[in-house]
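Shared between the two complexes below is chain A, which pairs with chain B and chain C, respectively.
So, the complex of A and B:
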C-alpha cells in the first residue's frame, strides 16, 4: 500500500468529485434529449407550415436554452479537480484524456455556440431550412460533446489502445480508434445519451401535463406529449438494448462490478437474476463488513448467465470467486493479482533507481520489458493491484450498487409503460380525463432524474476502488494535499451548485408559468 | 450599396440578437457571467491550482514526482 495516504483525504476527494459530477449530470441529460425533441418539433413546423408547431418549438427551445446556459461549463470544474485533487491520476492518463477532451472543447465551443446563436437569434435572419439545420446541428453537437467525455470515462472503465511509458510515468495513446471504438465507449455513449432522451421526453410530458391540469394551452400540450411520447417510447426501448449490451461488456471487463450490482456472492452455472431483493443488514462475514445476504429475493433462473454471456448455462463469477479465485473456471485470485501488481510496481521502482544511478543500460532494458506483450498481459495489466493489501477492498459497496441498478431498471420499465400510456391517451383524445395520470406525469420528472443518477452510481461506485480499472486505485491517484482544503471546496461547491440549481428552477418555472405565448424573440413572426 | 462582408454581418447578427434578447435571455446571461467569473477567477485561481504545474517547472520533474508517488510502497 502507498505510504502515508490519509483515507479521509481519499474519501473527501471522492465525495467532492461525486458531488460535482452528480450536479453536472442534473443539467446534461435534459440538454441531450430536449435538443432533439425541439428539432423534431421544428421539423414538423417546417414540413406543415402550421404556426402552432412554431409556438411549440419556441417554448421548448426556451427551456432548452435556460437549461443549457445554467449547465454549460459546470463540467469544467471536474477538470479542475483532476489537476488539483487527482494529480497522479491526471498525469498517469494525460495523453489519453488530452485528445478526447480537446476535441470536446473545440466541438462544444464552435458547434454549439454557432448553432445555438442561429437557433435563438436567427428566426427572422435566416431561412426556415437554415434555421432547422442549425437546430439539428445543435442537437447533434451537444450529443457529440457528450461522446468525447464518455469515451474518456469508458477508457477509465476499460483501458485500451495505450502503452505505459515508465520514463514519463504516463500512458501514451497508440491507437486513437481503439480508444474511440472500444465496446465500453460505444455502449456507454449509446446508453447514456439515449437515457438522456428518455429523461427529456418525460420532462416534456410532465410539463405539458401541468398545462392540461391547469386547463391551459391544451392543443400545445397534446401536440408536445405526442412528440415526446413517441420519442420517449422508442428511446426507452433502445435504452434496454444498450443497457443489455453494456451489461455483457461489464461482465467481461468489470466482473466485480457486474457481481456487485447483481448481488451475486457465489458464482454458478445457470446463474439466476435477482429481479427483486432486500439485502440483509446483518453481516454474514465478520472479516468483510460489505458481505451481506438477502432477507428476501425473487430470482429468475438462468437469466443472469444469458445476460452476461448469451449462454443459458454459462458460469457467472460471484464476488467470492473473484476474491478467492476459481481454478475450475480459470479465475485468478485477488492475492495472485496483488502479487503480479507488486511485481510490476517493483519493476517500475527498479527502473527509477537505475535511471537515478545513471545505469542507462539497465533502465533501457527495463523500459523494453515494459513494452513486451508478456509483461503487459501478465504484470502491468494488474499494476493497480500492487497497492492493495486487503483483497476485500476490491469489493465495491454491494448494497449501493445493487439498489441503484435495480431502481434504474425498474424505473426504466415503468418509463416504457408511461410513454405507452401517454401516447395511447393522447391519440384517443382522452388525456384530459385522466387527471391522476397527468399528476403522475409531473411526479415522473424527478423519477427520471433519480434513474439517471442511479445509472452513474452503478457505473462509478460499482468500479471502486478503481480510478482506472485494474491499473490505478483511488489511493494511488489522489494528490497529497490537506483534507481540510478538500472539505472547504466540497462545501463551496455544494453552495455554488445549489444556488445555480435554484436559479435554473426559478427561471424555468417562471417561463413555464408564462407558457408558450412568450414574446417573440428577435422580432420573429 | 455593397453588402457588408461576412465578418461584419456575423458581428451585426450577434449584436442585434443580444440587443433584442428577451427577459429570460438577459437573466440567463447574468447567471452565465457570474458563474464563469466564480469558476475561472475565484475557484480556479484560489482553490484549484494545478498541483503539478504549480509545484514543478518541467515535465521531467513532474514525471519524477509521480514516479516517486507510484513506487513509494511499503
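So, the complex of A and C:
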C-alpha cells in the first residue's frame, strides 16, 4: 500500500514547504494588521477632513502595497504545493481542505484584489466614502482570506466533521459547520490574525520612532504612533487570551505538541510551568530522560496543570507518557496505537482486495465493519500510526518547539508593555524626550517578526510528524517524485524569494527615507 | 436546495463553474499578453509606463482567478488536483515560477532603490506573459490529448515518464493550444490598450500588433479546433466507468450538445467581431466582444472535454486511470456546501464590474500617471 518511503524526499519536501510558508509568513502578518491601521487612519481623515490624516494614510498605504505584492507572490506557491509536493495528502483530504480554499478564493481574494485597485488608484475616481469603504473591504478581505486558510490548517491539527470513506480511500466532510467552528479553527484564526495586528502596530510605531529620532515629520509620527499604540495594545491583550485558550485546546487535541513546547518529558500532577529554561545539548538518556532534558530551569509550580486543564492538580502527560503509555492515567502507548493503526490499514487493504476480486459480499461486510463506531474510535482514529515504525519519530523537535514557544510568550509580554509605554508617552507629548525608547521601538520591529515566526514554528514543527493529526504522517502524504527535483525547486525558490526579499527591504527602506509626501495631491478633500 | 440534486448533477454543476473560471482566466490573460507587448508598443519610458500602469490595475484579477481556479478545482475535483499537480510537477512548477515574478514586478518596477532595476522587472513581465500563457495552454491541451500517469488502488499518482509533464510539448496539438493562448492573450492585450489608454501612438501600434497577432492566433486556434474534431477521444461507459477510445469523440460531443456548439460558435464570432471591428471600423470596444467571445469559446471547450461521458483528464499510460467528473470529484456533501458558496459568485461579479467601470470610466493618460501618488 505504501511502498518504501524515501526519507530524504520527505525531508526535502518538508523543507520546501517550510521555506515557502515561512517566507510567506514574513509578509502576511503585516498585511493583515496594516490594512486595518490604514483603514483606521482613513476613517479619521474622512471624519475630520484633516489633510494631515490623508497624508498619513497614503504613506502607510504605500508600504502596505510594497509588502502586499511579495505576499501574493509567495502565497501562490503554497496553494499549489499542496498538489505538487503533497499529492497523496491532497486526495486524502481534498474533500475537506479544498472547500475552505475555494471559499477563500471566491469570497476573500476577489474582495481584496478588487477593492485594492480603488484603494490605490481611486482617490480621484470615487467619493471619499466609497474610497473609505474600499479600504475597509480590502482589510476585511485580507483577513477573511486568513480565516479560510486557518480553518483548513486547524482541521489538519484537529480533524473534525468528517468520515473516512473506504471506497474512495479518503476523508469526506459530513459537517461544514463543525469544520468551520471547531475550537481549534476559531482560536487559530483569532490568535493568528491578532498577532498580525501586533506586528503591524509595532512596525508603524518603530518607523514613526525613526522619524522622531531624525526630527522629521513629527506630527505625522505622533499621530501614527497614537493609532498604532492603541490598536497594538488592545490586540496584544487579545493575543494573550487567545493564546491561552489555544494552549488548552492543544493540550487536549495535540498533547505531544503541548509537551514538546513545554519541554515536559515526564508528566505529573500539579505540573509546573517552566518560565525559563536552557535545554541540555547532551544526548538524551532514554532510561532517564527527565534528568537530562534541562541544564537550568525556573519552574512555577502548578501553573502548567491549570493552563492545560483549568485545574491546579491535573495530570499533564509528558513525552515519555505519550510514547510509553501510562496506565494510571489511561494513556495508550505509541506501540498500541501503531498496532491499531496497522489493523485499520490492513482492513482497508482487505476491502480494496475484495473489491478488486469482485467479491462484493465480503467488500460490503468489511465496509460495514469499517464504519462501525467501535472500529472508528478504536482503530481508524489511529490510522496514521499504522505508517509509523519507530515510535520516537512521533516526538517533534523538543528544543525547537520549547525555545520557539518561550520566545513567543516572552516577546508577547514585552509587547504589551511596549504598547502601553508608547501610548503613555504619546498622550503626554513626551515621546521626543525618550530617545532610548524610540531606539528600542526601532529594534522591536525585528523582535515582532521573530515572535511571529516562532509562532509558526510552534504550530507547525510542534505537530510533526503529522500532516493530519493521528491520521496521516508527513511521509505518507508526500508526492512520489525524485528527491533531486524537490532539491532543485527548493534552491530555486530559496534564491528567488531571497532576492525578492532583499528587493522588498531596500524599496521599503528607501520609501521610508523619502517619507510622506508634503505636497498634497488633488482628489477629494 | 442543492441537497436534493443528485451527485452527478452537482458534479456537472461544478464542472460548469470550474470551466467558467478557466475561461475567465484565459480572458484575463490580456494582462499577460499586454506585458509581452510593452516594448513593441511602448517606444519610450512614458509610453511603457502608460502600458504597465493600465495593466497593473488589473493584474490582481488574473492572479486571483488563477488562485480561485486552483482552489475550486481542489474543492470540487481533488483527484485532478492531486494527480495533475503531483504528477506533472515540472510543468506546474514552471507555471508557478513565472507567476511569482509577475506579482512583484508592477509594484517594484518604478520604486526608488528597486535593486534589480526597472528593466529587470519589465523582463519579468515579458517572461510571465510569454511562458505562463504558453505553458498553461499546453497543460490544458492534455485535457484532450491525455497525460502519462496511472493511479494505484489508493488513488496515488504514478507518473510514467521522468519529464513529469514536460513531455506534453511532444504532442503538437498541445503546443498548438499553448501558442493559440499566447497569441490570443496578445490580441486581447492590444485590444485592452486600445480601450484603456489615451495616446494616439499607442493606439496605432496596438492596432498593428492586433493584426500581427490575430493571424497566428487564428492559424493555431483553427488547427487546434479542426484537429480536435477529427481526433479520437476518451469515451467513458456511464454504466461501468470503463474508458475507451472513440473516433471523432469531440465532434460527437458537439453534435450531442447543440447548445454548447451554438455558444462555441457565438464565442468564435465574438472574438472575430472584436478583432474585425477594431481593425476595420476603428472600434475601441473590441476587447469586450473578443473578451466575451474568449470566455464563451474556452468555457464550451472545457465542457466538451468533460461532458457527454468523456474523461476530462485522460491517461495515455493507463486508460482506466483516466479522470472523469464522476471519479475525480468531491463527495455529495462537499459539493452541496460549495454550491451554496457559489451563490455569492454573481454578487462578486457585480462588484468587480462596478469597480472596473469606476476605474476605467476615463482612459488613462500620461497626466494621470504623473500626478498619482501610487503609480507603477
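In this section, the second predicted complex is superposed on the first by the 503 of 525 C-alpha atoms of A that agree within 3 Å, B and C clash if a C-alpha of one lies under 4 Å from a C-alpha of the other, contacts with A are read in each partner's own complex, and residues count from 1 in each chain.
Throughout what follows, a residue touches a chain if its C-beta (ideal position, glycine included) is under 8 Å from a C-beta of that chain, and two chains touch if they have at least 3 such contacts.
From a predicted model like this one, the values you see are computed outputs, not experimental measurements.
Novice: Given the superposition on chain A, are chain B and chain C in a clash or a fit?
Specialist: Taken together on chain A, chain C would clash with chain B, as the superposition shows.
Novice: Quick one: is A:387 in contact with chain B, with chain C, with both, or with neither? Answer first, second, both or neither.
Specialist: A:387 sits against chain B, while chain C stays out of touch.
Novice: Quick one: classify A:345 as touching chain B (first), chain C (second), both or neither.
Specialist: first
Novice: Examine A:184 and indicate which partner it touches, taking first as chain B and second as chain C; both and neither are also allowed.
Specialist: In the superposition, A:184 touches no partner, neither chain B nor chain C.
Novice: Taking the superposition on A as described, I'd like to know which of chain B and chain C A:510 touches: first, second, both or neither.
Specialist: After superposition on chain A, A:510 lies in contact with both partners, chain B and chain C.
Novice: Comparing chain B against chain C, which has contacts with more of the residues in chain A?
Specialist: The larger set of chain A residues in touch belongs to C.
Novice: Kindly classify A:167 by the partners it touches after superposition: chain B alone (first), chain C alone (second), both, or neither?
Specialist: Only chain B is touched by A:167; chain C is not.
Novice: Once chain A of both complexes is superposed, is A:176 in touch with chain B (first), chain C (second), both, or neither?
Specialist: Touch partner of A:176: chain C, not chain B.
Novice: Go through the superposed model and pick first if A:21 touches only chain B, second if only chain C, both, or neither.
Specialist: neither
Novice: Which of the two partners, first being chain B and second being chain C, lies in contact with A:72: first, second, both, or neither?
Specialist: both
Novice: Of the candidate stretches 153-161, 207-215 or 333-341, which in chain C collides with chain B after aligning the structures?
Specialist: Answer for the clashing stretch of chain C: 153-161.
Novice: Under the contact definition given at the top, report the residues of chain A touching chain B in one complex and chain C in the other.
Specialist: In the superposed arrangement, which is not itself an observed complex, chain A uses residues 1, 62, 65-66, 69-70, 72-74, 76-77, 80, 83-84, 87-88, 90-91, 117, 120-122, 125, 168-170, 352, 479-481, 485, 489, 492, 496, 500, 503, 507, 510-511, 521-522 for both chain B and chain C.
Novice: If you look only at chain B, which of its residues touch chain A in the complex?
Specialist: 13-14, 16-18, 20-22, 24-25, 27-29, 31-32, 35-36, 38-39, 43-44, 47-53, 59, 62-64, 66-74
Novice: Can you list the chain A residues touching chain B in their complex?
Specialist: Within the complex, chain A contacts chain B at residues 1-3, 62, 65-66, 69-70, 72-74, 76-77, 80-81, 83-84, 87-88, 90-92, 117, 120-122, 125, 166-170, 342, 345, 348-349, 352, 386-387, 476, 479-481, 485, 488-489, 492, 496, 500, 503, 507, 510-511, 518-519, 521-523.
Novice: In their shared complex, at which residues does chain C touch chain A?
Specialist: 57-58, 60-61, 63-64, 66-76, 78-79, 81-87, 89-90, 92-93, 96-97, 99-104, 106-108, 111-116, 153-159, 162, 164, 330-331, 333-334, 337-338, 341-342, 344-345, 348, 351-352, 355, 358-359, 361-362, 371-374
Novice: Can you name the residues of chain A that touch chain C in the complex?
Specialist: Touching chain C from chain A are residues 1, 58, 61-62, 65-66, 68-70, 72-77, 79-80, 82-88, 90-91, 94-99, 101-107, 109-118, 120-123, 125-126, 130, 134, 165, 168-170, 172-174, 176, 352, 356, 479-482, 485, 489, 492, 496, 499-500, 502-504, 506-507, 509-511, 514, 517, 521-522.
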